[in-house]
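The letters A, B, C and D name the chains in turn, as written, and every chain counts its residues from 1.
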């Protein structure tokens, strides 16, 4: 359709394509979730329903975007990972980030009533998320990113568990509890939990201690046979992973057939990655015999 | 809180602050709304409820972000405008764009049931939006951008109105209607509408012909007294518009007091801008005597 | 020419086009000129020959790139200014910056022997420059940039003049001179110069006090008739300044006819810009009757 | 030194730091060297003195910037490579590129008279270079980049050698020669050279066929013992290569001790890289026993 003399303004649009063959992580964070969790009275230190809702929204995103390899969530944040061979939206940063943020938000708001039937959402207090994309040049650094988030989960959860035990069970004020914990290390907090409140931190739910890992499930590899899977870096040995449009579409179809699972497991050690070689290789594995689509 | 050896991965985050003293337009677009409008059986050529829902979501965004000066919506797209003196989120592009996209999405999904009580949303068909930020160096170009979108609205609406008249009232197939309109100019379409269907395009609803303008309302200026308001470019004459954090916060408070209005008016001619000098100046005007907060 | 399987690496090249309709300043700085000025025994506080060589190199750049509007130099730095309507190299940042840096370097090295016939350059101590591009959205900010550099010139030169008077004429060590000047304001330094060394700072050479302005000379405007030239901001009133390739080439030819002049004058006050309206308008003026090409 | 009200303009400077842990290639190209080679009557198809001057300038750059790992030159272009662990100038793109461009230009202009004593440079026809930085995420792609340039060298040189044989020895006009070569493949050109002019392309000088490789020389590794050196990708296995400022400075000192060599060898096959593992590892090797500084 022919257009107006004003159309020159399109020339002010600047490209924002991310560098090829890097891992792209889109991390989203709840905006003002401290206030929001007060408003809707989330349980402390962890509200299981709120976390389940986060995970449900993350599963929506994973299903909507088969190019995504894995996601990791903790508290009100979630990290979504694209493989270096991904060419979705020509890797335009704003397009990738806003698509994820919008899909996550829509799913979260839509499913709120399922998880919190007793707490209707208010128009003036809607949950929203912001996000950004970061590039990581190789699998080692991507794994360090994932490890960083899971270590953060552990550190924060141990702190929060102890803090809220002191407040809710120990009768301390927030300020007193903060003071009490100031300067303590992990073993101190474990000791406080155990000696004062009879809580063995190791017995806490895995979802709180490990966060949530979301990915497509294929047949797990036998550990011994794939011992080298992640110590050898796939992206540096393989030939160029550039895929044609057709190949990419075919890959997406394959991925849509896999079940998206949510687990609360260690992703810092090699084992997780070695048994799921499709994550770092970016190539769909074999569907488990019993797979049924979520 | 002391952190892990993995924390170095933060250094891969790259800044994306937009250039200071430029107008920032964040344009969001519905993702796959063609399919969505089929799925939820939107009326053709325009579904009034869908447009009202878009506008309600835009009002939510304007209220949530007092830094926004004006917004313009047509069909499934909306453009939100920040003033050159805005320093929200240090003008970080991803933060600005995702905040708007998420707030818009949350409000749209949350209010869906109010506007479409008869059409429950399905989890697998949720409305989502993507977005991007574009910078315009001065008020002239910003106004050309706004004009571009409104001219586009007109061109598309005249086409769609005629197309759907041919299909729904004239009994043509989509392909036949497309063929019929191929090569026609505006006057041809007006003629088709009038002679075949008795439709005077000028009498169509303004919301369809002009789109929707959303902004904070202050006392309108008398036209004659401010004739120069927009022909003199504020940003080039004024001293640096850099505002301190405190000044910005004060400005936000003032803006929150103003009523956010939705109008369907011409924004191409000077009149609109001359009578509302606060839009281009970025300085809140006087509240109308009778103002009541929406 | 058909090419190899390796050609995919070109896809890693990322665009770096600067925003349209902004002023582009490319500022270059001598690398390690403190050491260089020791090595070649530049005179203190100012070495006239070194400054003349800087200016000669800047004139080479201005002649090589007719798109340049004006340049300002002080000490071992030079700022080159492109107009918002410039589309040279599609405004690619690296291309603009490296072209200026290379042209400046080549001219400086080539002409060294003319200005310093007694000081042959050594391969291991060659003068080099780095550079960067910065965008300024309107004429007011561009002028503030130029003013910033000229104020800096004044502040530094007053300090250096006093410092070296204390050292060379007053017999102080560098450390003692630095201590003596610590905490002093301009009037203190003027007083030291006058009372101790009989130097009236106002009588120092203009090139040291004002730096060097390089631009294309056209017929000066009568001041009164153009009083509004710069208080009205050209870029915001004018219609889009987008020029076709042909128009740009024509503009370049016109500019090549003008004489490039080097002056040591005030560029902070309005007068300089009002009498030379072609600088901010970006449109070549009338050639002076007596013009002869440099 | 306290500064003026104009200093706010610094806030318009935007960061341009390149992504960490990627290979950075700065490629520079002669500006208008077609015209320049006419002006100074360079020999066709290759002017040995011009190439030697290019290489001499490249050696200057390598010595000036010990962070550089390797460089590859052909015709009037040169590519300089920084290792992923390089943090020079905080990886600011403009700073890296302009430093290389300026150092190369200064050395080229300064040494011109040594290589072309019979052809004095003219101020209005100085050799200049532009440049840009490109990021490559891993060693495989970096090697593909290097291979791309060397294949290009071969393709162009075979064409040019045949073209100029047809013109200079065969008496064809430029247009006739171009026509003659249109559509030919490598074997055709080899055949033309051999059958018509008795030239065996394989006997041409290596510098013309292979281009020039510049790097720091250490003790070559025995090929068999390091067979895996490059098939295993160093950057993905190694722990983070982040180096402290002190470590970097130490590394630079070590590198300055090595001899910078210029060779004309194959860099496409593995052999070159396997025997010089310091190139991809970024860690200085052992100095050869007989090393003497260039």
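Operating definition for what follows: contacts are C-beta pairs under 8 Å (C-beta built on N, C-alpha and C of every residue); 3 or more make two chains touch, one makes a residue touch a chain.
From a predicted model like this one, the values you see are computed outputs, not experimental measurements.
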Equivalent interface to B-D, taken from B-C, A-C or C-D so that over half of the residue contact pairs match: A-C
More contacts between chains, A-C or A-B: A-B
Most distant chain from chain C by Cα centroid: A
Distance from the mean Cα position of chain B to that of chain A, given in whole angstrom: 32
Inter-chain centre distance, chain A versus chain D - centres from mean C-alpha coordinates, in Å: 43
Distance between chain centroids, defined by C-alpha means - chain A, chain C (Å): 50
Multi-partner residues of chain C (at least 2 other chains): 8, 12, 14, 19-21, 135, 141, 144, 240
In the complex, chain C residues that touch chain B: 19-22, 84, 135, 137-141, 144, 231-233, 235-238, 240
Chain B residues within the chain A interface of the complex: 1, 3-4, 6-10, 12-14, 16, 28, 31, 60, 93-95, 97-99, 101-103, 105-111, 121, 123, 126-136, 141, 144-145, 147-148, 151-152, 155-156, 159
Chain C residues within the chain A interface of the complex: 8, 11-12, 14-15, 17, 19-21, 240, 242
